[in-house]
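In what follows, subunit A forms one complex with subunit B and a second complex with subunit C.
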Partner chain A sequence: MMQNDIKRLSLFLLFAPFALWIILLIVLPHLGMFYISLQEKVGPRVYEFGLANYINFFNEPIYWNTLIRTGSMSMLVTVLALLLGFPIAYYIAKIAGNRTRGALFLMCLIPLWVSDLIRAFGWILLLRETGIISSSLQWAGLINTPIEFLYNDAAVIMGLVYTVILFMIVPLVSTLDGMDNSMIEAGYNLGGNGPTVLRRIIIPYAMPGIVSGCIVVFMLTAGSYLTPILLGGKNSSWFTEQIYDQFITRYNWESGAAFGFLLLAFTSLVIWGGLKLSGQTLNSTVARS
Partner chain B sequence: MIMKLAIAGLLATTVMAAGPAQAETLRLLTWGSYAPDELVKKFEAANPDITVEVTFSNNEEMIAKLRATGGAGFDLAQPSHDRIYAVQQEYNIYKPLDLSKINVDAMQAKLLDGVKANTTIDGEVYAVPHQWGTSGLMANKTSAPDVKAWGDLCDPQYKGKTSMRLKRTILLGMAFDMGEDPFAAYADLDKYQTILDKVADKLISCKDNLKAYWKGGDDLSAMMMSGEIVASETWDSTAYKLHGENQDIVFVPPKTGALAWIDTFAIPRKGEADDAAYKWINFVLEPENVKIMSASTGAIAAVEGGKDLLPDDKKAAVNASFTDDDINNLKFFANIPAGVEDMEGKTLEKIKAATGSE
Partner chain C sequence: MQSITENDLECIQIQKHFGSVRAVDNVSFEIPKGSFFSILGPSGCGKTTLMRMIAGFEQPSSGDIRIKGNSVIGTPPNRRNVKMVFQHLALFPMMNVYENIAYGLRCAGASKDVIRTKVHDVLERISLPDVANREITQLSGGQKQRIAIARCMVLDPDVLLLDEPLGALDLKLREAMKIELKLLQHQFDTTFVYITHDQSEALVMSDNVAIMNEGKFVQIGTPQELYHNPTAAFVAGFVGDTNRWAGRVIRAENGTVEVETEAGLTMRGSVRGSGAPGVGDTVSAFVRPEFITAEKTTGQPKVADQTHNVISGKIDSILFNGANSRALVRDRAGELIEADVVLTGGTQDLKPKDDVTLSWSCEQTMSFKG
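So, the complex of A and B:
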């Protein structure tokens, strides 16, 4: 009896930090935001209950266009991060020796020791019209007039891929690491060539890592603020910027909160669709790696 | 070993926290460079029982922070004069000032009266002036000698070499440039909306002419100093700073008048150190302290002869930019009535989202 109580108490104590975290930092703020998002402002200090903020979003093409733009660019970033990250992860997990593996992993980690902001400024120094790339191309005689590489969507995508690629590499390495080399050998012994082995053996095995990497990368990208703002040009709207503007510039917390929920719903929907398409579940991917 | 160090550290912080028992903290919410270290140290030396904690911010974020707490968390804030009246009516985040505790005689009468008129609600005054400055144009004299008006930023001869910040300043400047008086139209919001629509069309067609929208003083300075742009909308203090490094870069008051702002002192509604706040206000208005402040901010203090208290290089830059006519032509930002932020925000979004011809 006594034993049981102690067990229950220790279980409760173990669970308490997690429960407090979820309730105080995730559930309560979201409830508060949801409540705010359902308030309609009808005059100074006068509010009514209703869905006007959500209806506004759908009536104004600027808003949903920006959301779709943000979503599609985030997907592009995810695909690019996967294409670039997979060979790197494969090299680290399967080809590199034990000692180089640590060093390579460390090299992937080092950029994360610097804040997002500093990394964005690094890109600015490289890409601007009078920046390093433009001036070295001029010096090499490849171009005659300076070229502006900054302030366009390509710069935003590159900056984002650079920021998030690590979150693709880590889950991929950990899944590929668990794969027995003899499976690949068997594939070749049975007459498969490189592409077949990749398609029929490696990718299916790595699928949980691929999916969880994609989920994390997509979420991070769609919710990022600094990189699109700093590297983006005159037309590069990002949805988080809209949310910031609603809250800060327009003093319109009600609509900002509604936008926040719409972003959450949109990204959740995309991920749900991705999981359905790839035939994976959250349990088999994110929870595992 | 590490454990011991940690415990020692913990003890030290507790002792420090418990030390000066009656110590008061002045939590200042202000603009970057508005609380130079030198001045904070001097103030703390003169008032050993007060510690100053500074948070740097801007108009919108100051209001958002105070709104989130109903005016708690800070003891003195410094929003611009046009951000008091409607904000106070809407969110009730400031408390009335006790003018008898402020050395109002030190303030320049015209600015003081202006701010008082702008921030009086039910007979109570909510703000007094601290420093003022303007928004206008910055141009490189050698490569863009003809930039004289807001509209010149859209002049095709400078295609790809101009910039502006996509905020309300450029909406107002462009409205004046098109012969409208946006401040007068605040009284009739339908009329203001038609002005905004006209301005939006102009700025959308102008988009192609710009290199990029600048977001802060740093990227504006970098673009201007590297010669990537030759003219831009700017704060005067940024232009003065660059003038010190490159004499060709000057501040140009637009011919329709530079837009003038006054940053104020206002006490948040749930501020807990009013006396310390009043002490700080009076302290930074003393002439020798104004000098330190102006050297850091590049803005002119709202005291009599404030311009003469600027450091020499900044004074020279001001004199190079402003004639007396320009000073008389200043357009002070009018109080923003409720609802205008939303209209302007929508217009700005429309401009940002328009793909123009790119």
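So, the complex of A and C:
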């Protein structure tokens, strides 16, 4: 009896920090935000309950265009991160020797030690009109006038891929690592060539890792703020910027909160669609790795 | 060109070096069509490297591998008609049984109808006709084993390589699978090359066994030959259970020697293997437990003669294992000697602390020089 109580108490104590974190920092603020998002402003300091903030979003093309743009660019970033990350992960997990594997993994982690902000400024240093790339091209005589590489979609996408690729590599390495080498050899032994083995064996095996990497990368990209603003400038039209504007510039918390929930709904919808398409579940992917 | 030989697989002076390590050293052998050939050796003897070279995952440093008479050096693994059952089977977990078996046929570009008939055919032959739509995780250990073999056999290989596939199974299933593998080999009439460190697997199933040690083939022969006529001390010690003595020759005459062991026993033995030991040479003598008769010492003790060694001792313990029960006998010199005994459960059975006389024929005392 006593033993049981102690067990229950220790379980409760162990669980408490997590429960507090979830309730105080995630559930409560979101409930508050959701409440705010349902407030319509009808006069100075006068509010009514209603869906006006949401309706407003759909009536104003600039808002939902920005959301669509953010979504599609995030998908592009996810695809690029996958295409670049897969060979790297495959090399780390399957080709590199035991000793180089650790070193390579560490090299992938090193960029994380520097803050997002500093990394973005690093890119600016390279890409701006007076930056390293532009001036070295001039020095080499390839161009006559300085070129601005910043403030376009390519710069934003490149910067985002660079920031998030690690979150693609880690789950991929861990799934590929769990793959028995003899599975690949069996693929060849039974008559498959390189592309067949990749398509029929390696990729299907790595699917949980691929999907979980894509989910994390897509979420991070769609919700990122610093990189698109710094590298894309005024033209970036990223949806988080829109939210920031509502909250800070216009001091319209009601609309900002509604936008926040729309972004959440949108990304959840995309991920749900992706899971359905790939035939995976959250349990088999993100929860596993 | 159809080759003139009837051998499915020939290896000619294969060598494989990893740096200064000779993993496989000058191995030559040939396997006639449709036979079950085992390569038996302790772990690390190079047998897996040899198999990987036959499959094409490693290139030999020198030598030639011929399949049906044609050299396959330089042929990539997917173009060799040699299929392999991996140690952990390597069934594809993301495909069901049907897809696993169909994979190889798809790679070969077979049509849908052909694939369907062949897959069902092979499932029929391994007597698992109803598992086509099962997932791999739903199969039992023995079923997985058979699917892994079916996946290879459906491609009609010239040679099937098996890399210790029974290692992961529990004892009971392993015994059953030994018999089943032998039957499958008969049924498919394909050459099986089986790699193992478990001698009972090799002896039970094989037509021929090669004993491998430190990268070299020590002896190739039928299981009976290896067991009864080993040509090297390593084979005598590795195949089957045996008592082993190291000693020195005190008398030698055409084919027999009298040996004094380090502990001071004398016994007569027949010379086996290469090199005739002379007086003073060191020899290793091997006697299998089943050739030693243990009898309770009675009034008139037996004495050694020209054809029999006799020593007396006391039973230290009895290892009961049904028909394979064994007595551990401590002799005068304090060494333990193993002898097979028959235990019927009656009062006449040998018991620990009994005084016994051990006797065995000199012919069964296999003595090797060195």
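Here is the rule we use: the second predicted complex is superposed on the first by the 287 of 289 C-alpha atoms of A that agree within 3 Å, B and C clash if a C-alpha of one lies under 4 Å from a C-alpha of the other, contacts with A are read in each partner's own complex, and residues count from 1 in each chain.
As a working rule, a residue touches a chain if its C-beta (ideal position, glycine included) is under 8 Å from a C-beta of that chain, and two chains touch if they have at least 3 such contacts.
This one's a predicted model, so the numbers in the text were calculated from it and none came from an experiment.
A.B. asks: Following superposition onto subunit A, is the placement of subunit B relative to subunit C best described as a clash or a fit?
C.D. replies: Here the two partners, once superposed via subunit A, fit next to each other without clashing.
A.B. asks: Regarding the shared-chain residue A:M207, is it in contact with subunit B (first), subunit C (second), both, or neither?
C.D. replies: second
A.B. asks: After lining up the shared chain so the two structures overlap, which partner does A:N59 touch, if you call subunit B first and subunit C second: first, second, both or neither?
C.D. replies: neither
A.B. asks: In the superposed arrangement, does A:Y188 touch subunit B (first), subunit C (second), both or neither?
C.D. replies: After superposing on A, A:Y188 lies in contact with subunit C but is clear of subunit B.
A.B. asks: If you tally the residues of subunit A touched by each partner, is the higher count for subunit B or for subunit C?
C.D. replies: The larger set of subunit A residues in touch belongs to B.
A.B. asks: Scan A:T100 for contacts with subunit B and subunit C and give back first, second, both or neither.
C.D. replies: In the superposition, A:T100 touches no partner, neither subunit B nor subunit C.
A.B. asks: Centred on subunit A, what angle do subunit B and subunit C make, from Cα centres, as a multiple of 10°?
C.D. replies: Superposed on A, the angle at subunit A reads 150 degrees.
A.B. asks: In the superposed arrangement, does A:T196 touch subunit B (first), subunit C (second), both or neither?
C.D. replies: After superposition on chain A, A:T196 lies in contact with subunit C alone.
A.B. asks: Just subunit B (first), just subunit C (second), both, or neither: which does A:K234 touch?
C.D. replies: A:K234 contacts subunit B only, not subunit C.
A.B. asks: Please give the nearest C-alpha separation between subunit B and subunit C in the three-chain superposition, to the whole Å.
C.D. replies: Result, nearest C-alpha distance in the overlay: 46 Å.
A.B. asks: Spell out the residues on subunit A that touch subunit B in their complex, using ranges where they run on.
C.D. replies: 44-45, 62, 65-66, 124, 128-130, 148, 150-151, 229-230, 233-235, 237, 242, 245-253
A.B. asks: Spell out the residues on subunit C that touch subunit A in their complex, using ranges where they run on.
C.D. replies: These residues of subunit C touch subunit A: 55, 57, 76-78, 82-84, 86-88, 90, 92-95, 103-104, 106-108, 151-152, 155.
A.B. asks: Would you tell me which residues of subunit B are touching subunit A in their complex?
C.D. replies: Interface residues on the subunit B side: 60-61, 63-64, 67, 87, 89-92, 167, 207, 210-213, 215, 219, 222, 226-228, 338, 341-342, 345, 348-350, 352-356, 358.
A.B. asks: Taking the touch rule as given, give the residues of subunit A at its contact with subunit C in the complex, in rising order.
C.D. replies: 180, 182-183, 185-193, 196, 200-201, 204-205, 207
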